[in-house]
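Two complexes come next, and they have one chain in common, subunit A, joined by subunit B in the first and subunit C in the second.
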Partner chain A sequence: MTRKTLASIPAAILSFVIYLFYTGSLGLFDVITGAIVAVIIGLLVGNIVVENPGKALSIRRGFLMLIYIIWYFLVAETKAHIDVIKRALHPKMPLNPAIIKVPYNVSTDYAMTLIANSITNTPGTVVVDLDYENKYFFVHWLDAKTSDPLKAREIISSKFEEFAKKIFD
Partner chain B sequence: MKKSEICVIISIVIFIFSLAYITSLGGLGYLPPVDVRKLAQIYLASTYNPYQPTNTSSGYESVTAIIWDFRGLDTFFETAVFYGAIIASVAIYRGVEISSKKKSIGMSPIAKTVTRLSLILIPIVAASIAFHGHLTPGGGFQAGSVATVVIVLSIMVFGLRRLVQKGVTKPKILLLRSLGLIGIGLTAIGLVLAGLVIGVNAYIFQNQAKAMAEISYPMWIDDVLFGGSLLFFNIFEFVAVMAGFTLVLMLFSIEEEEVKKVIK
Partner chain C sequence: MINEILVYVGEALVLIGVFCDIAASIGMLRFPNFYTRMHAATVGTIGGAVVPLIGVALMALGCDWLGTYRFFLAGASIVAGILIMLLAPVGTHVLALAAHRAGLAPKKPLVFDHLEEERARRND
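Moving on to the complex of A and B:
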């Protein structure tokens, strides 16, 4: 099998699951139409969406992704929200905004995007620009604790990067 | 607050309440009845009616039944008019080529990666809407419009030239659009053709069996509500609308310089 056909397998599986999830039913009609649609979509966009079929089908990586999602939305998000709420409600409003260069060290686009979106989605930090060649994010930070790129990475994105590396690289 | 402001607020409140009161008394014209109207009752009784096989429209969705069965001919002409408008756009842009040699710039790699995932998500939602048009709200046109979002995103994020390089070209989309319309036409006369072959009477835009025309599209396959002609209409309309919108969006995204080279 060529890489293109292989790439359409994980895409088709993902399509099928999303189809059933969106339809909200497991009837025979839904399963049959879902399978037809999944195969068509998988063949059409498989090699655009999937970079490495083996990685996309890895159960270990999928499991790590699930752990990451739970940790991110329950722990990381809550921590960041509490911090921003504190700053907003504090009578002196202790803000120290700055745009900081934050390096990242992952090789795939998916891993890079996961880190960038994780940074943006937590309140207090936003990725405003990207230096793709030299692997830097430019992050707007509500309370810039440091202007040193490496220290900033330690505080902002080291944990995201750790997971992104395991899931996508 | 000034006295005049208070007066204005009070008079607005009095105006709204008195207008509502007059309306509720029927002072501004005929009041629609609170219960289901006669016309609606007829539609509801004949959209899905397993006890009267000659008076049913094979799906649960009344709106789809009205659009593709009760007034199928109207909808066919609407689709044909839409197709005509798209052909007109293509005719205006005749000779304009989307140059695929230059490299597309597109947006940042972050936006590109996220959009790659929506290449799966959005078409899936669209397909589900099309396939369930006879069961839940939605249908071919809605599904086609949803699927077009992928094209809008792709043109914005990857760039039009990249789209063409990946094989989304004008002739291909036109072909898809034509296949959709031909499919709609064939579904409309399908039973007539089948009737000619086996020698029974049938009408155009017939879905279920009628008194003098006793063939029908499958309403049930095993115990799955299949939707008869409604399902086919929805799928072909989905394809036709998606391709039509895609074509127009692609034409409108061509740079003015490129267009002006051909049209002076």
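Moving on to the complex of A and C:
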């Protein structure tokens, strides 16, 4: 089997699972139409979205992704939401905004996307721009506790980076 | 029993969503400039849209009288939640980048701005 056909397998599996989830039934009709759609989509986009089929099919990485999503929702999001809601409702509205550069240390596009999306999805930090060559995110931070990029990385993104490295690199 | 638990947990998540939406709209009105308002908007997308969608999915799973439609409702809301999670930050990134590049949004309460320094250094 060539790399190209192998690369279409994870894409096809993902679109099949999403199709079944979306229709919400395991009837014969849905499974057959889902399989046809999944094969077509897999052959069309597999080569573009998947670089390394072994990585995409790894069960360990998928399991880590699941742990990451649960941790992210229960810990990171909750903390950030409570913090920003407190600031919004506080009579004095304590704000200390700044745009700070935060270095990152991952190589693949998927890992970068995961980190940037995680930073933006937690209220209180928004990625404004990024520097490919020197590997910096420029993050708008609602409560800038420090102006040192390395310390900021420790506070903002070190945990996301750890997971992104394990999942996608 | 398990159905009731699912419905109550779902309703609690929808309540959290309502609270987040109200807080986000108050923040949207009170925060001083465009960039800080964006943080309030994030509270509205994750706490105010994704969390209630998961709650709706749990509620639908707990409602027996919906028949087979409950799986359709639950699956559709979970997929919608995941799509919002993936796509909302893209809009936020692009809006923030455009506002910063055009320089139209006032930056007044900003304490320091590394991006501005970086841009000035690149233009030299």
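One rule holds for everything that comes next: the second predicted complex is superposed on the first by the 169 of 169 C-alpha atoms of A that agree within 3 Å, B and C clash if a C-alpha of one lies under 4 Å from a C-alpha of the other, contacts with A are read in each partner's own complex, and residues count from 1 in each chain.
Note that in this section a contact is a pair of C-beta atoms (placed from the backbone, for glycine too) under 8 Å apart; a residue touches a chain by one contact, two chains touch by 3 or more.
Treat the numbers as computed from the prediction; the structure is a model and nothing was measured.
Superposition of the two complexes onto subunit A shows subunit B and subunit C fitting side by side, with no clash.
Within the superposed three-chain model, A:18 lies in touch with subunit B and with subunit C [touch as defined at top].
Applying the stated contact rule after C-alpha superposition, one finds that A:117 touches each of subunit B and subunit C. Residue contacts after overlaying the shared chain place A:84 against subunit C, while subunit B stays out of touching range.
The angle formed at subunit A by the C-alpha centres of subunit B and subunit C is 70 degrees to the nearest 10. In the superposition on chain A, no contact is made by A:65 with either subunit B or subunit C. Look at A:99: by the touch rule set out above, it reaches subunit C but stays clear of subunit B. When the shared chain is aligned, subunit B comes close enough to touch A:49, but subunit C does not. Set side by side, subunit B and subunit C differ in how many residues of subunit A they touch, and the one touching more is C.
Look at A:109: by the touch rule set out above, it reaches subunit B but stays clear of subunit C.
Touch criterion met: A:41 reaches subunit B, while subunit C stays clear of it. Residue contacts after overlaying the shared chain place A:76 against neither subunit B nor subunit C. Between subunit B and subunit C, the shortest distance over C-alpha atoms in the superposed arrangement works out to 6 Å. In the three-chain superposition model, subunit A touches both subunit B and subunit C at residues 18, 22-23, 116-117, 127, 129.
On subunit A, the positions that touch subunit C within their shared complex are 18, 20-25, 77, 81, 84-85, 87-89, 93, 95-101, 116-117, 120-129, 131, 136, 138, 140, 142, 144, 147, 149.
Taken together, the subunit A residues at the contact with subunit B in this complex read 11, 14-15, 18-19, 22-23, 27-29, 33-34, 37-38, 41, 45, 48-49, 109-110, 112-113, 116-117, 127, 129-130, 132. Interface residues of subunit C, counted against subunit A in their complex, comprise 20, 23-24, 26-27, 30-32, 35-36, 38-40, 42-43, 45-47, 68-76, 78-79, 85-86, 88-90, 92-93, 96-97, 100, 109-116, 118.
Interface residues of subunit B, counted against subunit A in their complex, comprise 108-110, 112-114, 116-117, 119-121, 123-125, 127-128, 131-132, 166, 222-226.
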